[in-house]
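Working notes for the structure below.
Chain nomenclature is as follows: A, B, C, D and E, assigned in order of appearance, with residue numbering initiated at 1 for each chain independently.
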Amino acid sequence: MNSKDLIVWLIPFFPLLGAILWGVFGKYFKNYSGYLGSIFIIISFILSTVIFFMVAYGHSFTSTLYSWIDASYFKVNISTTVDRLSVIMLVMVTGISSLVHIYSIGYMKDDKGFARYFSYLNLFVFSMIMLIMANNFLLLYVFWEAVGFCSYILIGFWYEKKSASNAGKKAFIVNRIGDFGFALGVMLIFVNMGTLNYSSVFSGIHLLPPYLITTIALLLFAGAIGKSAQFPLHVWLPDAMEGPTPVSALIHAATMVTAGVYLIARCHVIFSYSPSASNVVLIIGGITAFIAAFIAMTQFDIKRIIAYSTLSQLGYMFMAVGIGSYAAGIFHLVSHAIFKGLLFLTAGSVMHGMSGELDLRKMGGLYSKMKKTAITFIVGGLALSGIPPFSGFFSKDAILASLFNKGDYFFWIIGELVAFMTAFYIFRLIFNVFFGESHVDKNLHVHESPNVMTVPLIILACFAAVFGFIGMPPFNHSIFYSFINKDFANSLNFSPAVNNYPWYLLSTVSVIAGISGIYTAYVFYIKKSLDLEMLKKRFKAVYALSYNKLYIDEIYDFAIVRPMKNFSVFLWRVVDSFVIDGAVNGIAQWISVTSSKVRKVQNGMLMSYVFTLTVGVIALLAYYFVR
Amino acid sequence: MEALFYIFSIIAIFSALMVISVKNPLTSALYIILCFFALAGFYILLNMQFLAAMQILVYAGAIAVIIVLAIMLLNLAKTKGAIKDFHQLVIGIIAVGLLFLEVILYIDAAGEKKPTGIYTNAIINKVGNTQIIGEFLFTKYVFPFEVASILLLVAVIGAYIFAKK
Amino acid sequence: MSIFLKYILSIIIFFPLLSALILVFVNKKAEGLLRNLATVLSLVEFLLSSFLFIYFKSNTYEFQFVERFSWIRAFGASYFLGIDGVSLFMILLTTLMTFVSLLSSYKYIKDHVKEFVILMLVLETFMLGTFASLDVLLFYLFWEFMLIPMYFIIGMWGSGRRIYSAVKFVLYTLAGSLIMLFGLITIFILHYNQTGNFTFNLLKLYNTNIPLTLQIVLFIAIFLGFAVKVPVFPFHTWLPDAHTEAPTAGSVILAGVLLKFGVYGFFRFAIPLMPEAALILTPIILVLAVISIIYGALVSIVQKDLKRLVAFSSVSHMGFIMLGLFAMTAVSVDGSVLQMINHGISTGALFLFVGMFYERRHTRLIADFGGLAKKAPIFAALFMIAVLSSVGLPGLNGFVGEFLILVGSFKQYTVFTIFATSGIIFAAVYLLWMFQRVMFQDITNQKNEDFKDMTFREIMTVLPLIFLMFFIGLYPDVFLSRINPTVVHFVNIIEHNKYAYNLIKAKMGLFNA
Amino acid sequence: MNINVNDYLIVATIIFCIGALGVLIRKNLITIFLSLELMFNAANLGFVAVSEYLNLMSGDIFVIFIMVVAAAEAAILLGIAIAFYREKGTIDIDKANELKM
Amino acid sequence: MLDLAQIYNGYYLEKSLLSVMPEAVLIIFAFLILLAGLFSNFSKNSVNSYYLALIGITFSFLYLFMLSDHTIKGFYGSIVFDKFDVFLFTAILLSGFLTVLMSKNYFDTRNVLIPEYYSLILFSISAMMLLVSSINLIMIFLSIEFMSICAYILTGYLKGESRSTEAAMKYFVLGAFASAFLLFGSVLIYAATGHLGLYNIHNFMSQQNYKLLYHTYNVHTFLVIGLILLLVGLAFKMSLFPFHAWTPDSYDGAPTPVTNLMATGIKIAAFGVFIRVFTSIYNFNVFNFYNILWVLAILTMTFGNFAALLQTDLKRLIAYSSIAQAGYILLGVIAGGYYGISGTLFYLIAYVFMTAGAFAIVIMFENLNLTSVDIKSYSGLGYKYPLAGAAFSFFLLSLAGIPVTSGFMGKFFVFSAAIKSGYYWLVIIALLNSAVAAYYYIKIIVKMYMSDNNDNSEQIKLSNGSNNTIVNTVNANNMDLQTFAESGGGKTALTETVLLKSTTSALIIAVIICLIFTLILGIFPQPFISFASRSVTSLWNI
């Protein structure tokens, strides 16, 4: 094992070590687990940075730990490949994780399950790192599920709350539905390619018939839908906000949910051979972006609003990768990770200050009380709204530009529309929380969070402010794109956001959309020059639709969950107990009834015995004569 | 000869029917002695005088007397209602009728004497059937004979055990 | 040492019986001594069996540690033992599970301790014998007698409708076994008719030529015997009852070892003896397997009793194993065998936990629990690992087996595999839902307030299993490398017969579509 | 008309069947025994007739043994009847129905 | 004329005597017992006669083994001593030996023993042996009657117990009725063939020219009717289905040791003679007897099992189960051939041990309760008497045909023989039957081990309430036991030691013998199979 391999394996090792230590010996570590855990992750982050530069100035490389499964012709190794795509992800994941860890020390300070929390969190980081570094589909699948599991335990971290444990379970199961497709996709790859290694699969995929490629791509995408909470499997993500807020920031905004985008970027070869599958990705992305934004506009729970926003932004990313603009998708992924992480953490900070209050109707005017939080929040909000020069502007604009460029005007329009709605709902949130009159409970002592929480916020805010410049237009020549595009160069319909249209015109449209969104929010919530209630009444149906999240949960409950339960009860009560068991018991019953009849032959009367005997003789003789 | 055969047949069958139909067991016992006599007649017809004598001695003399003794001993002569109810009778007659038909139907071919053995009437009469039977009993059938003797002994023990209070 | 190795199988098989004999002479009142002695002896047995693992040559499919003595000349039956990669692990599983279940019953079994430990050890002998026999008659002898100790264990220490369950268990499996006996005898006679020799040597019986129609009839007969044991869908009805009412140790042994006999029987007997019939009937069996998977899972969802839930989940899991076996590719069969081990470990562990619930609260109704994680964190953590192993979470054992089964079956039986794969969703549904209702949420029932966490002994009971869950999940190669040669050989036999089967198929015009 | 063995066998069969009928319809133990004796005697008749017609002796010897057995059985019957009567006060076999099912 | 020179040849007679030595020894000892009864006082005598009986059986064994290599046809074709006999004699003597062992305790407890009992047992054993070695219809009839008369007496042996007398009466009437059929069948066979010796009949039929007699009378019909009626007579003793009616009642009413003798010894003898007759006469294609037997076997085992299913009286249950077992045994006979007959023989000897073992335990418990043999009274017994309970379970499992026991090996042997002869369906039905049968055997085990053992009080009430004469006749020794049981109330008053005290070592020895042999026959049956196979070889030389 050379030093490169060692570094590569040390990156996941530290979080794993942390997970085991806090998990098994948490009692003894108690308070140290937070600091030590953060240090472990920071070490991983440093190592990731080292690897980043090694790859940036060298080559991608593969490193194998041991042979995992070797069942006749099915062979899978535990091995990693580090290339440009993965190092970006690595640095991003470990970086944000470090900040979230540090933040969590403050946020979770008084929680009983402090060590347990860090154990879970470290485990998650480990799984996420491995997911990114895996060099074959099975390993990817393994850690795909593993992050899902971590998400499950973290969402249900406060398991005493029924809603939390429900949400965790829901997340896991919905993810499993996606994974079901993913698993089938992996199997389909294996049975057709005979291998699961990325390099072999990607180099040989074009030999398969197109319909198979499309099937594989769609099945993989099913996994992505589940993990990245795209329509129609998006229902778990809003509920996942039951978990601790740093978890939401890390898992449900920055890292895990973007794994779907990562997957498609990783499998861009497969998708590039299947235009129809790519189209499906695009459409799903568009739908999700739109409906999530639509729902977010009327919600009152600040975390949920941000969660829907995450959905919506993920929709953007999928639109990007759907049209083959992988670089743009990844760029948005990273910048989104930063500002959305920031938004969640600030929301957490608000909660922290408000003793866990989440309803924005009970807030207002907090700006004066928690300045650091408010400013960082607004930075995040601006980034989300795509206001230059914040990072969101550059990344979102790259996507919109490539949509326009590709000729998908319909989706471009949706994109712009969503940009407007995004700006509206996030500033609706900001105005309601930080400005305007206060609806805060008088007894509540609102306070700014401790430094251990605000420092990560500030760091993130800085990044959110300046990160975009590495992907500045003209896109192809920016640092980020020239770095990443080397990995995507061999994909078929590679469509970097080329500027054969003046980019600043398009950007202007987006900026206008963003600003008008902010203005609308301002009009509604600060100036109050429009009567909200009247609007609500006029568009009652639309409002109800948005408010009730398009009734999707209800539809699922009605169309899937309940029929399944009823069917299960039917199977148990009717098929199992009545038919099958009944048949068995029925036979026993029949035998016993027959037995009680047969016994009567032996009635104790000698006469009838003689008679029986005689009848026997007659029967035997009769057989001879009748024969 | 033929006439005797028919006479004996009629007596035997009639007395047999009486045995099973009269109410009083004592009467039954008397009828069965009559039947035994008829059978003894058959044996004489069949040139087996020794057996005929045995029939009278053993059956009519010993067995029937034992039965009569039993009836007297138990004071059973008064026992009434010997035949079971009508259904039983009908069922029994049907069953036995079937049995009878099944056996009898195929004893139909008119046969004639087709001897396979050496003990013709002439020889038997020459040696005397008692002597021949005696010789057989103590030579070829000596073992069954011994067994039969033990059997009788056992029967005696049995009767003793049962009858003992 | 060489003598020891030469007769190691016999030693392993009969050591528990010997232990039981020793225990017969221990005073009935000395319950502690009985328990400790039995547990230690079963541990020794496990260590003995680990010699098999150590000295097992992993690169051959040939039977190893073969012992052969003439037994009943009249039937050509011999005392013929030998193991290959599959039986090796079944034996190890048996010795381990017996040890674990003895260790688990310190508290659960309160009366008639002596009878209990003796029965357990006797049962172990017969289970081991079944796995190691290469003689059909010997196999059947071990196979059927196994029912009896199990029957006593369910009937004497069970709960609720224990007698009903015990009797149902015995009669049901007995009926299946007897029909199977018919099949085995017929093959034995056919072999005699063909060669003029009576023999029960399995390896010789493999060469029997059975006419196709008869083969199908016999296969169905033998199928019934094994399918009841597995159990495959319509023959499963004994299982929930038996599992539910049995004492913990009984459930552990039932789930951990006894269910494996069905699959093992197919692997060792039914399929190699009648490959053509097996191939012809494969679609039907696969349908049943898939129904088992989904049916078991769906019914599990709505169970109210913990044990019954786990029992039905067994039906589902065993469906996977059947699917893998009858897909008959090297990978899927590898997966099946591995999954047999996995299922033994995971479901065994689940039953252990359910037993601990029962010991603490004397109820198994899910509704009676809730919020236990707060009171018993170690319990919750270990239980969760077991649950996840059963769910098939990657990194734990269940995943490897299930995935191998699915990936192996995928190509040939795509539709079946897709349906089967959906089983992994349901597994998550019913197990996690159960876990949530038991461990999470708030404590609603006051009785749960003083719910005790696991004791040291209890942790020791499940620890080997938990360790194995991780070990197999992370490094299954130790197992697969030993299983694989055997499985490849098995598949080659079938492949060889596929040719014959195709010829027959062409001739008969079967499955023209 | 010549009398041959068939005629004797027919008579024997008739007596045999009458005996069987007696066992079937009577409930007095003594009468039943008498019916049984009839059946035995029917066999005797058959043996003697067949012996005579085939010029054999073994049938005749058989008859002697049957007589011995009949005598023995009579003795046993006597004992049983007495014991039975002692317990039930009757020899009606219908009263013997303690053992059933 | 007679060949007197041959008859008076001393050597011939001596050889003839040799052929019946085992029986002769038994009969001599039976006489000795009777004589001993004359010259000694009552109470001692029962002990003496008990030992005399055991010694007699042992001597008989010795003679048997001394003669075991010989094949002697004695007394002009009345009797034969061959390897087939050796096997069945062994089985019968074992059955008798076990019966004697069981008897002592049983009758001691009831205090009703008179010395003739053991002599009757010896007589009946010798009668069974004679029956097996008979090769002549006269001898068959005589031995059957000899055996039956002994059995009638033994059945009605429990004086003052109406059940016993009733059983004897029923057995007597039915037995005589069946014998009449047997006799009439013999007449018809005699009429058809002109022979009474099995060997002669066999020759006659195998000449294929018996149609020569056709113009005399319808030989074929005579033969078939005769054979059917003969079959009825034998089937009665084997207790095949429509001729089974005596079995449950007389088993139930008889003293339990006698029941054991009837269930084992008589059954062996009946099957022995049936095999002899069947292999010599029936396997000619005069008529498809296999079809009849086929149906009889199915009816017998099905009836036996179904009737036993809801039975609560243990003795009756075993009686019905023995009917079912007869069905299985018949399967071996139907399968026929070398393999089938050796299977049958093996099954028979296995059957002796498991049935005798079961009865020995029944006697043990019966002595204890002095009441009924109702299954209800067995609840919880498995815990109170672990060893006895375990042994009983083992015998029941053997009867059910669970492996490791002789019952399994026997069934396996018989069934494989039947499959070999192509009776697939028959075997399947038999297998399903044994699955049904398992239920009622298991039911007893359930009662012993799995039901609450708190209904002890009820049990004792039962024993007090019944106006059973036995209860009144218990001797002082057993009164202790009785009061002990009463004082115990609902608790576990009776311990294993009490059971042992109330049981003579003889009973325990019987159980142990049965246990060992059941196990050996189940695990290492080879010597017994060889024994059975060797004995079959002599069968074709009748």
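The rule is short, and it goes like this: a contact is a pair of C-beta atoms (placed from the backbone, for glycine too) under 8 Å apart; a residue touches a chain by one contact, two chains touch by 3 or more.
Please read all numbers here as calculations on a predicted model, not as lab measurements.
Engineer: Mind listing the chains that sit against chain C and also against chain D?
Structural biologist: A, E
Engineer: From the C-alpha centres, identify the chain that is farthest from chain C.
Structural biologist: Comparing chain centres, B lies farthest from chain C.
Engineer: Per-chain C-alpha centres versus the global one: which chain is nearest?
Structural biologist: Taking the mean of C-alpha atoms per chain, the most central one is C.
Engineer: Farthest chain from chain E, going by mean C-alpha coordinates, please.
Structural biologist: Chain centre farthest from chain E's centre: A.
Engineer: What chain pair shows the greatest number of contacts?
Structural biologist: Max contact pairs: B-D.
Engineer: How many angstrom between the C-alpha centroids of chain E and chain B?
Structural biologist: Averaging C-alpha atoms per chain gives centres 31 Å apart.
Engineer: Could you please state the distance in Å, as a whole number, between where the Cα atoms of chain A are centred and where those of chain E are centred?
Structural biologist: That gives a centre separation of 78 Å.
Engineer: Between chain A and chain B, what is the separation of their C-alpha centroids in Å?
Structural biologist: The computed centroid separation for chain A versus chain B comes out at 104 Å.
Engineer: When the C-alpha atoms of chain C and chain E are each averaged to a single point, how far apart are the two points in Å?
Structural biologist: 43
Engineer: Give the residues of chain E that touch two or more other chains, as numbers and ranges in rising order.
Structural biologist: 138, 142, 145, 149, 152-153, 156, 159, 168-170, 173, 177, 194, 216-217, 225, 248-249, 311, 439
Engineer: What positions in chain B touch 2 or more of the other chains?
Structural biologist: Those would be 84, 88, 91-92, 95-96, 99, 102-103, 106-109, 111-114, 116-117, 136, 140-141, 144, 148, 151, 154-155, 158, 160-162.
Engineer: At which residue positions does chain C touch at least two other chains?
Structural biologist: Correct list: 171.
Engineer: Identify every two-chain combination in which the chains touch.
Structural biologist: Result for touching pairs of chains: A-B, A-C, A-D, A-E, B-D, B-E, C-E, D-E.
Engineer: Could you list, by residue number, the parts of chain C that touch chain E in their complex?
Structural biologist: Within the complex, chain C contacts chain E at residues 28, 71-75, 112, 115, 137, 140-145, 147-148, 151-152, 155-156, 162-163, 166-167, 170-171, 174-175, 178-179, 181-182, 185-186, 188-189, 192.
Engineer: Can you check the complex and tell me which residues of chain B touch chain D?
Structural biologist: 1-2, 5, 9, 12-13, 16-17, 19-20, 25, 28-29, 32, 35-36, 39, 42-43, 46-48, 51, 54-55, 58-59, 62-63, 66-67, 69-71, 73-74, 76, 79, 82-84, 88-89, 91-93, 95-97, 99-100, 103-104, 107-121, 129, 132-133, 136-137, 140-141, 144, 148, 151-152, 154-156, 158-163, 165
Engineer: Could you list, by residue number, the parts of chain A that touch chain D in their complex?
Structural biologist: 599-600, 602-607, 610-611, 614
Engineer: Can you tell me which positions in chain E touch chain D when the two form their complex?
Structural biologist: Contacts found on chain E: 137-138, 141-142, 145, 149, 152-153, 156, 159-160, 162-163, 165-170, 172-173, 176-177, 179-180, 183-184, 186-188, 190-191, 194-196, 216-217, 248-249, 252-253, 311, 316.
Engineer: Note which residues of chain B are touching chain A in the complex, please.
Structural biologist: 84, 88, 91-92, 95-96, 98-99, 102-103, 105-106
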